[in-house]
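Next, two complexes with subunit A in common: one pairs it with subunit B, the other with subunit C.
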Partner chain A sequence: MESPPVNRTVPVHLGIDVGSVTTKMVLLAADSGEVLDHVYLRTSGDPIRSIRRVMNRLAEDERHFEVLAAATTGSGRTLAAKLIGTDLVKNEITTHTLAALTIAPDVQTIIEIGGQDSKIIIVRERMAIDFNMNTVCAAGTGSFLDQQAGRLGVKVEEMGDMALASQSPASISGRCTVFAETDMIHKQQIGVGRNDIVAGLCQSLVRNYLATVARGKQILAPVVFQGGVAANQGIVKEFEKQTGHPVKVFPYYGVAGAYGAAIYAAKARGERPPFQGFELLRRDFSVDSFTCRKCEEECTVLRLYREAKVISFWNDRCGRYSEAPKK
Partner chain B sequence: MKVGLPMELLSFDWIRRLKEDIHALAPQVELCHVPAATSARRPVPLSEGDACFPFKKMVRTAMALLPQVDRLVVPRLVRLDGHLLCPNFRAFPDLVALNRDRLPGPARKIPIIDTLVDITDAGDEERVRLLLLRALLGPETAPPAAPFPRPQSAGHKAAALQDKLRGYDRTIALIGRAYMVGDAHLNMGIPAILASQGYGIVTPQDFDFSDLDRAAARDDYYAKTMYWRGARECLGAFRHICAEHEPAGIIYLLSFNCGVDALVRIELMSLHKKLANKIPMMVLVGDEHSQQEHVVTRLEAFLDVIDGITTS
Partner chain C sequence: MKVTFPHLGSMYIFCKAIAEEAGIPYVLPPPTRDRTRELGEFHTNESVCLPLKIILGNFIEALEAGADTIVMVGSGPPCRLGLYDRTIKVILSDLGYDFRWLTIPGIFNWQAFLQNHDETRELRKELTPSNFLRFPRAVMIGWRKMRWCEHLEDQAARKRAVAQNPLEVERWLQSGLAALDQARSLPAISKVCRQALAGLAQIREHGRRPLKVMMVGEVYTVMEPTINMNIEQRLGHLGVEVKRSSYFSSHIRRGSRLDRGLLKERRQLMELAVPYLNYDVGAECNFSVAEMVLAKNMDYDGVVHVYPFSCMPETTAASVLSTATTELGIPVLSLPLDRKDMGLRLDTQIEAFVDIMQMKRSGDLH
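Take a look at the complex of A and B:
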């Protein structure tokens, strides 16, 4: 492990989005708001490792960054915040909205499809007024596409072009992955081409999204599509076809949550705790959990260790551990 | 005599008044609502029926109470205030009895009091009350001299709500069935989270049912009247709270999209669209959130929408 740089001379705002499938980072110049760096990598079930990789990248950069403020978002935002020492923790709906509004100030609808989450955010007059997220069903998300790509023996990155090449998309159920797989196997068995199956998958994913996530919310242009799945041109075209609106995919679509978090950090006022992200490169951190049996809630309490010493608890609804005075 | 009465049933005003009545008439009865700490982890009964989680939780509570009591009161709730309850409540005593009969040991002998509760007016209340008291205390029990406890007056409820909201500048209407709104396990801690963020909570249970019933009657434009009590309570509360309390946001909390609640969901969304004042509204379905973090994320985002945090 390398030591962190001594002279960090470029003041920056940092946003980190720890998702279930990928971890994203965006670094904004404090003076101009320009994106100086961004990272998109697989979380691979180990958020500490993925955040450490992000920190390593920052530390190795010759521009010597000085992090003025950092914010975290995504399902791993609380852990990430504890690891880097920030009090700026924001949900992904708000950070995605901040990102979209910065890039497209006139946006009225934000579609976001990530690894396991999908969202719709309705914006009017530069303000989020409504939103919805998928729940237990991940049928219309990136991991669904990943899974189906694996089944078809293609790379997920190729799916967009394959879908666009199809002349006759197959009819595939998008209601759930189990049904979709059944349909796909059936189509393969009867000889339907892979391009048509992939195009059918794109159709079904968009249909599923509109039915279960958008749920009748009024989709108005400009529509901005963010999240890793926005890389798939087959899905983009299908959204355009099914909504009747042009769908814009801007640069940084894949790291939009982290971008929004960095904007949130830049907007934050007041004194911030010192950035501790580089500690990750010097010391050993780990996390584990236990089930508290003090009441019927049976919370899964999370515990963060530094050098084998517990430094933080969270996820206990009553605060028995997280709000206990430090010994 | 120890008598079990599952805590979930206490969300019904009538059951709370029944409890008050039993306290007054039979001080020898010790009512237990929550299983003792040793059985806090409630065993999953052999059969819970095909029902929502709140109902299953109620069955589990009843089963966990059984070994600790001499009798278990699980009334067969059919109708309250002249409106029908979810049909699962009708089957509740049968399901508890079915599971009790399969228990090992003495708990299988515990009597279950399953008096039919079908109440439209005060006369019904007195009749049901006497049946239940006789089942509990013996068939010779004389009709009580004092009347059955009346519901809290609308004025009393209004004062209690005013007290509850004191110190809060903003409120959120948390609309849902009484057992969802009142049970921290079922509502996933939503009231506590909102309170921690500085929001006072207004719920249907803060109002007299007759007021909500009248408000709901304005939407009785179906081929049939909306006859489910819980649905009337939610519809009426939406109208009443929006008109009288100017909440900063509205959350409709349901356990899952059963037929009635799915209909209410559509109705509330439709009413929301017609509101002149565009109050943010969110629907949360308990069954769709296996982790509390999912709920917290949505609540945070919802409060950001209310705060207009994304406005640049």
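Take a look at the complex of A and C:
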């Protein structure tokens, strides 16, 4: 009898971080924990499409990955978990901590600035003990930088170098995006150079972060900086100046949440439901929402469709839909 | 005359029972919804705290539903809550509503008595002798209902954390509270509550030891689930037992100054805050700090501190708690609450907080 062709597969653990602005993926080798692949792409308001693109990349890889366990994180974590069929869903604060602890076991402070969120996580003796997240304002997050880059007509990626090139940063109010913008326009009008404005912006972003997000938290070295904004060297340098500590930016800083999720998946014990991520490439999925008026809670209930058939509900507080027996 | 009152957790059961038993016509404000919130936001200054906005919304909706007499609790400065009754009164008059106002004083003293006397002058003429005669029994029924109600909520908080399906707890609690609301005599009250307790007791448990947190902060935020975004439930469903610092009945007992033991307990509690805060900031600020020390002494796993965004006393407390957390070694989650659409961010923070407590207890996330 002829034996079937040997189909060597690489066992992996997968972490997906669906953020408000970007979607990240990290693939870890199950045996060594080494990063085999990572992706960083814009969510562009369509998480299903971005997850599908991630799956496409996995499916097309010649190494034939076999996903042993997958975990999702980020603000789109619940949707992502439904789509790929996993029960491992972790908040981004914990996944960022896991990532930082894996890369730098002695870390004591984690700064994380992403698209809409900025966080500080205080770690002592390899355990997160305290954290804080920006509350009601997105001033000083990635999307703010993005917007201002657009307004100044520069690429957000260039802002770091521009800031470093500045000799005398302009003073810009960072408390509120609206005021910051007013300040910037004013500085432009009176003839301040673009580099100085960008440097001033970085300065005010860091000042705002330390005064609000990190308020009352004890920042101790080693400090690790993660999230998309860590790409900006101007901000890294500004953090070093204002905190007085060296700030470390490790490779994979931009995908740290997904990295942490993959580590979480690797650590999970017990039986996992089968990985369904590749279904996304074969069939059509869509999601919509409606407001339930059955009580004063008025939950926004989310509905996941597979080819025009509802397969899942969530976000209802009473379980009226999510707990209902499947037809 | 049609009396109305604001929503404050399950306080409506108490107020409704008194009005019903004494035969005073009343209008129950519709349950707090998005519209309530929007009404309140529209008619107030943007920086005013959430409880004021929601209470105002409750009143507008109640006046729309035909109420003409508003009963509101009062308290003293420095907190803005101390000026709530006055502020709301002015806003409602400016909006052109015709209504009468009755403040239930937060502390019973001469000044409160005189104000009360003044405000009730007109109202008393409309009440019949029967209303007065039935009043003592009405208060007794109301009080009993409130105590039961708080006991049920307490038991539900305990059970939620250990139930295999926490949604069953919500169903028993909701049906229990609804039945309690309908009960019209003392035996009927005990009967429906015992049924609800039995219902809660038979829910199957998962057998893990729950995390325990103390919920401290501004009174209204601690007690009203529509303001604190159901934080008790959210935590409960993650396997956390929540002990509330504020109950309506304890506020009444404190305000009445009848229970000497309670007052002494209160003074002792206040002492606990002294190492961190030796000036009385006012409102619940010092108690939030004291209760955190208490939580540590009682081996709780953490403290959840809720307050309305821009609340002065509690913002002060938040910075004290943030310093004390490292010294005491007890995790604190401070949540300034403002809008409704923060649900997702709230879940992220709560989940991370639970992870921190879990790690601290067992050194493992699972």
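Methods note: the second predicted complex is superposed on the first by the 319 of 327 C-alpha atoms of A that agree within 3 Å, B and C clash if a C-alpha of one lies under 4 Å from a C-alpha of the other, contacts with A are read in each partner's own complex, and residues count from 1 in each chain.
The rule is short, and it goes like this: a contact is a pair of C-beta atoms (placed from the backbone, for glycine too) under 8 Å apart; a residue touches a chain by one contact, two chains touch by 3 or more.
Since the structure is predicted, the reported quantities are computational estimates derived from the model, not experimental observations.
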| field | Fit or clash - subunit C, subunit B, common subunit A | value | clash
| task | Report for A:Val123: first if it touches subunit B alone, second if subunit C alone, otherwise both or neither. | result | first
| said: For A:Lys309, using the defined touch cut-off, is the partner it touches subunit B, subunit C, both, or neither? Pick first, second, both or neither. | reply: neither
| request: Answer with first, second, both or neither: which of subunit B and subunit C does A:Met133 touch in the superposed model? | output: both
| query | What is the contact status of A:Arg269 with respect to subunit B (first) and subunit C (second): first, second, both, or neither? | reply | second
| request: Could you say whether A:Leu101 touches subunit B, subunit C, both of them, or neither, answering first, second, both or neither? | output: first
| said: One more residue to check, A:Glu296. First (subunit B), second (subunit C), both or neither? | reply: both
| said: Show me the subunit A residues, by the header's touch rule, that subunit B contacts in one structure and subunit C contacts in the other. | reply: 75, 90-94, 127-131, 133, 135-136, 216, 295-296, 298, 317
| For subunit C, which residues are in contact with subunit A within the complex? | 30-34, 167, 170, 226, 230, 233, 309, 319, 322-323, 325-326, 331-332, 334, 336, 338-339, 344-345, 347-349, 351-353, 355-356, 359-360, 363, 365-366
| For subunit B, which residues are in contact with subunit A within the complex? | 40-42, 184-185, 189, 192, 269, 278, 280-281, 285, 288-290, 292-294, 297-298, 300-302, 304-305, 308-312
| query | What part of subunit A is in contact with subunit C in the complex they form? | reply | 75, 90-94, 117, 127-133, 135-136, 215-218, 264, 267-269, 295-296, 298, 317-319, 323
| query | For subunit A, which residues are in contact with subunit B within the complex? | reply | 75, 90-94, 97-98, 101-102, 105, 123, 126-131, 133, 135-136, 216, 293, 295-299, 315, 317
